[in-house]
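Below, subunit A partners subunit B and then partners subunit C, in two separate complexes.
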Partner chain A sequence: MRPSEPARRGVSLAAREALWALAFLAIPLAFFLFIRIWPAFQALWLSLFDWHADPSQRPFVGLEHYHQMLEDRLLLKALQNTLAYTLLGVPTQILLGLGIALLLNAVTRFRDVFRAIYFAPYVTPAAAVAWVFSWMLSPNFGIVNEILGVFGIPPQPFLTSPSQALVTVTMVVVWQNLGFQVVLFLAGLQNIPRDYYEAARIDGASNWQLFRHITLPLLNPVMVFSAVIGTIGFLQLFTQVVNLNFTDQGGPLGSTLTLALYIYQQAFARFDLGYAAAITVLLFVIILAITLVQLRLLSRRVEY
Partner chain B sequence: MRRLSTLLIYLLLILGSLVMFFPFVWMFLTSLKPFAEIFDLTLLPQAPTLDNYREVLFDTQFPRWFLNSLIVALITTASVLFFDALVGYTLAKLRFPGKGFIFVLILSTLMVPTEMLIIPWYVMSTEYGWSNTYWGLLFPGLISAFGVFLMRQFFQTLPTDLLDAGRIDGLSEFGVFWRIAFPLVRPALAALGIFTFLGNWNAFLWPLIVVQTPDMRTIPVGVALFSSEAGTAWNLIMAASSLAVLPVLLVFLFFQRQIIEGVVLTGVKG
Partner chain C sequence: MQKALVILIALLGAALAQGQVTITYWQYDFKSKVEAVNELIKKFEAANPGIRVLHQTFPYDAYQQKVASSIPAGQGPDVVNLFYGWLPTWVKAGYLQPLPAEYVRMVDNEFLGMAQAAKVEGRLYGIPTAVRSLALFYNRDLLNAAGFNTPPKTWDEFLNIASKLTVRQGNRFTQLGYAMAPDGQDHHLVREVLIRQFGGRPYSDDGRRVLYGDAAGLKAFTFYTDWFKKHNVGTLGNQFFPGNNAYRDAFIAGRVGMIIDGSFAIGTIRSGAKFNWGVAELPVEKVGGRKVNYGSFWMHGLTPLATGPKQAASLKFLEFLVSEETQRYWLEKVGELPARKSLIKDPKLTLDKVFGPFVLSLAYAKATPFVDEIGQRKVMTDAINRVLLENKDPAESWRMAVAEEQKLLDAFWK
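Then we have the complex of A and B:
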């Protein structure tokens, strides 16, 4: 691949092209190898050692951290919570996103204005938005309880209650992600050719039949994309959990703790980086498995 | 009947919009209230004041955090746009051995969650003295695998004749890329650029780890740590949040069309 000077004049067109490709790819490949691929293996490697700042002082412990995970009740809690966030959050944001997209698709005036309003939260920093919600959801001085009071609903504890906190965090995340879903589904709806509906209508199909047999199947690719992206996002939930309850991160009583937050706490509060690395390997395996299963289950090809 | 259902749809949409927009309104209105007023929960401030903003802007290093966020987001975006386009172009338009393997290798990095890389990045940063520096803040995001995938898709749609015309005119291979191909994929570049910028501007986890001193914080980290120290001074916390949120909302208002088209471009067609 590295021709000497006299040879260069004679290099073929194909070799010239390959040389250019090499030149263009050199820096990016170095980046991917050194910053993306090598660290992934390093995480695996670090998980086999107890942490010490000096590399020569790190005792090899083999699979002990993986064994430790089996008996870690807090980790189990984090896993259960993460699963609950995902199972609650992903369907909610898909249903709401699809619902609002259908409403928007049915109107013509102000559609762009509505779409912009729904989308705005998506671009704002999650850390700052979480602080706004922790103020709004404050049990005693929160505006949300004040509004509920107008409808005769008693004040709710929200983030301070072990039984409500996880649902509340999920709703905040859904609020922020919703616009993305709406835009995605609206674009998907507008991609469906009008003729399909007209043809079906002539055949006497009802609105529900149109939705069930044309809209839904043709939205399938968008649905899969939304489900996969949503799942990966919820499995890595961190910023909102930390900032919604900053003084008791993951609390109350571990009820909002997520895998990502637990990894962070193990690594950067307890400086147990070896154990934290082992948990990241677990997270990797979970995300990989779920993504593969989802792609398999959801992406049935639809052709008309 | 049809009139009625249209009315109902608009009603639902307006109700939803209120839910989406009210938090911003409440944030902003609280940020204008003096401390004595915040627990009254009246919608409008009785004695509106900018003192909260003054306090956040001058008693913290907020202007510096703004600058830090800007530096990190701008450099990262420029780097992602250049390198992702270059790699996407190379993979789409040049012929060379190992092309398929390199593409798969780059795509495979998308499977690895950031959390897994963060510990090795942290170890690297302490070892090489990158922690608490701009380089430390931005090195993980300099090239994006997703962007490579996106750009490759777009370059594949460019007719090869166009590029050959440039070659015949004596442009170098890089000239063909930079002068002909790069300007032709502007919509994709706009989408990728905006999302890279926003992603970095809003990033929380990695900056939280790599930054040690207040002067190197980015806006999200600065606002979070400031708020955690402000106790119940929600007027100050909301002023800090407003300062973090409002610039992004303004940018969104300005680039609304491109941003929303970007989602569609990357999501539905990408």
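Then we have the complex of A and C:
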């Protein structure tokens, strides 16, 4: 290396840096393309065939699986349930997450301890969570009904009731996701410069006005992120549903069945991977559409 | 380079001359079964020096998923263990190969009648080592305390005992006479046992038509749902007790008088129950009435990956897995009932207090010809739950079940 040599002709320093960056980016990009995008297209392709273990014996059926979806009442049920989970779960976890984050933000002592406590469920295996909840929610011996009994409320069937099971599963999932929401909002809150609050206070703003005109708008990016990630999570809900009613998965009476669980059952209990792939395409389209709408409706750039 | 190639070819030739073949066997994780197969493989390899058997296991939850994705990739098992109810879907999707004629003769002549369920459209796709049936488990201490010295022989006796053993405190149960489990074994009980005892037939002989929509079928179904609605036998196991197999866990906890369960539950109940318990054949409709039972089994089949020398080796291993010797060992080691007729006549088995009632039932047990096990289970479970949980009229719920299940059968056989 001769220090006196001028920069090599043709490639400027900036271009070289960009090339290096691209070289490093190429690895995750390749991973993303081959592990994520390519299988998604494969699913689209598979959905046009009837499944067979031997690829040369998969008859082409065109759009038949998509026709089949139109008459599948269980699929409709799964779709309705999945939307109900999302509509119920996402707002609940955002509101609770934001509420708890605001309280924790006001606390200065032991904040990390609280944060760890709220985060613990998020890193607990869903199967273990489901097991503990199935005990706590037991209609006859569960602690939740014991507590309700103290207030004179009769025992509730919870997970064993077709009308209560979906709400109950949603609450378990919200409880589990809450820690992540809290950490997210807490980080968002701490990113808002103190100066804004101080300036507003000098101008005589009330607490509500501070929240309404400073906190909420500046938290918008976090809210959008939380809504999008939360929505995708609920649209793909699977593990908790399976484990909370293990011997009648998606039951009772199909009341907790989700799209993801239905896809799994079609693929791996019925070996009907063609139809499963078609439903996967449907789920993909739903997630894409909802995410785009959310990004468009919710994102607002706020500058002060 | 050339030298290396020559050595490689020489080595390959030597291996071929020795006839060394490696085959792969898959089953799901179950401690006693895994240990038993490991032992069996040692024995098999000693007797067949040219064959190596690779034994791989997966958690039950992930098992079918593994099979579904591995075999198309050419990576899966040569010999695979599967539940008989999965067979039609596996065959339709090309995951199994039919077995040669001599095995069909062997199964027809030497195995229990229920092993016929290993055939699809007349071709045989697997053979079981062991089989299971249903029986009534009862808590002898609770029955004795209520003045009953023998388990029920008829359903009337059963209902009488169950209602006497059911204890409520306010609006809660503290003890059940019988723990109902539609998604446990009770859907089998209704489909195979009660319908036949009440004079009906669940399906046509070719398994393609639902026949239980008749008066006998409805009578059987209503009889079952009335246990809950009219006879005070208790409630659903999962309303009473937490956990995945609530009815069984509650029985083990000593809070339930009777449950109907499979022989596969013997081990769990034996190690868990801290009281005197017994097993009895399923009750009949009236004294001298028809005895019926539901039989089921896991079996070993050959996948399309077993070709050429691997196919021959796999058949040899399969034959070994279902031999009399293995079935005897399996009973000792795993506690599952043998699938060969010759072995279940053994008085040591028929007179055994726990195994006896199950073994006696094997002679008349029928295996439902499922084509969509998960779907058909849901049809029957939902039929029961609509009445028990949603108060639907049994006749209407039953009509829905008939239509739903016929649709599943039509979809499969189209």
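Things to note:
One rule holds for everything that comes next: the second predicted complex is superposed on the first by the 268 of 304 C-alpha atoms of A that agree within 3 Å, B and C clash if a C-alpha of one lies under 4 Å from a C-alpha of the other, contacts with A are read in each partner's own complex, and residues count from 1 in each chain.
The working rule: a residue touches a chain if its C-beta (ideal position, glycine included) is under 8 Å from a C-beta of that chain, and two chains touch if they have at least 3 such contacts.
Please read these numbers as outputs of a predicted model, since none were measured by experiment.
Once both complexes are superposed on subunit A, the partners subunit B and subunit C clash. By the document's definition of touching, neither partner reaches A:L218: not subunit B, not subunit C. Which of subunit B and subunit C touches more residues of subunit A: that partner is B. Contacts of A:H52 after superposition: subunit C is touched, whereas subunit B is not reached. With both structures placed on the common chain, the touch criterion links A:R270 to subunit C but leaves subunit B unconnected. In the superposition on chain A, contact is made by A:T160 with subunit C only, not with subunit B. After overlaying the two complexes on the shared chain, residue contacts for A:L253 are found with subunit C alone; subunit B is out of touch. Look at A:V173: by the touch rule set out above, it reaches neither subunit B nor subunit C.
Of the two partner chains placed around the shared chain by superposition, subunit B and subunit C are both touched by A:W135.
Within the three-chain superposition, the subunit C stretch that clashes with subunit B turns out to be 63-71, the only such case among 63-71, 261-269 or 333-341. On subunit A, the surface patch touched by subunit B in one complex and by subunit C in the other comprises residues 53, 131, 135, 141, 246-247, 264, 267-268, 273. The touching residues of subunit B, counted against subunit A in their complex, run 6, 9-10, 12-13, 16-17, 19-21, 23-24, 26-27, 30, 38-39, 41, 83, 86-87, 89-90, 94-97, 99, 102, 105-106, 108-109, 111-124, 126, 139-140, 142-143, 145, 148, 173-174, 177, 198, 201-202, 204-205, 209, 219-221, 223-224, 227-228, 234, 237-238, 240-241, 244-245, 248-249, 251-253, 256, 259-260, 263-264, 267-268. Taken together, the subunit A residues at the contact with subunit C in this complex read 51-55, 57, 131, 134-135, 137-142, 154-155, 157, 160-162, 246-248, 251-254, 264-265, 267-273.
Of all residues in subunit C, only 64-65, 68, 71-72, 86, 89-90, 92-95, 171-173, 182-184, 236, 238-245, 304, 372-375, 378, 381-382, 385-386, 389-390 touch subunit A in the complex they form. Interface residues of subunit A facing subunit B in the complex, by the touch rule stated above, are 14, 16-18, 20-22, 24-25, 27-29, 31-32, 35-40, 42-43, 46, 53, 100, 103-104, 106-107, 110, 114-121, 123-129, 131-133, 135-136, 141, 143, 146, 175, 178-180, 183-184, 187-188, 191, 221-222, 225, 232, 235-236, 238-239, 242-243, 246-247, 259-260, 263-264, 267-268, 273, 276-277, 280-281, 283-284, 287-288, 291.
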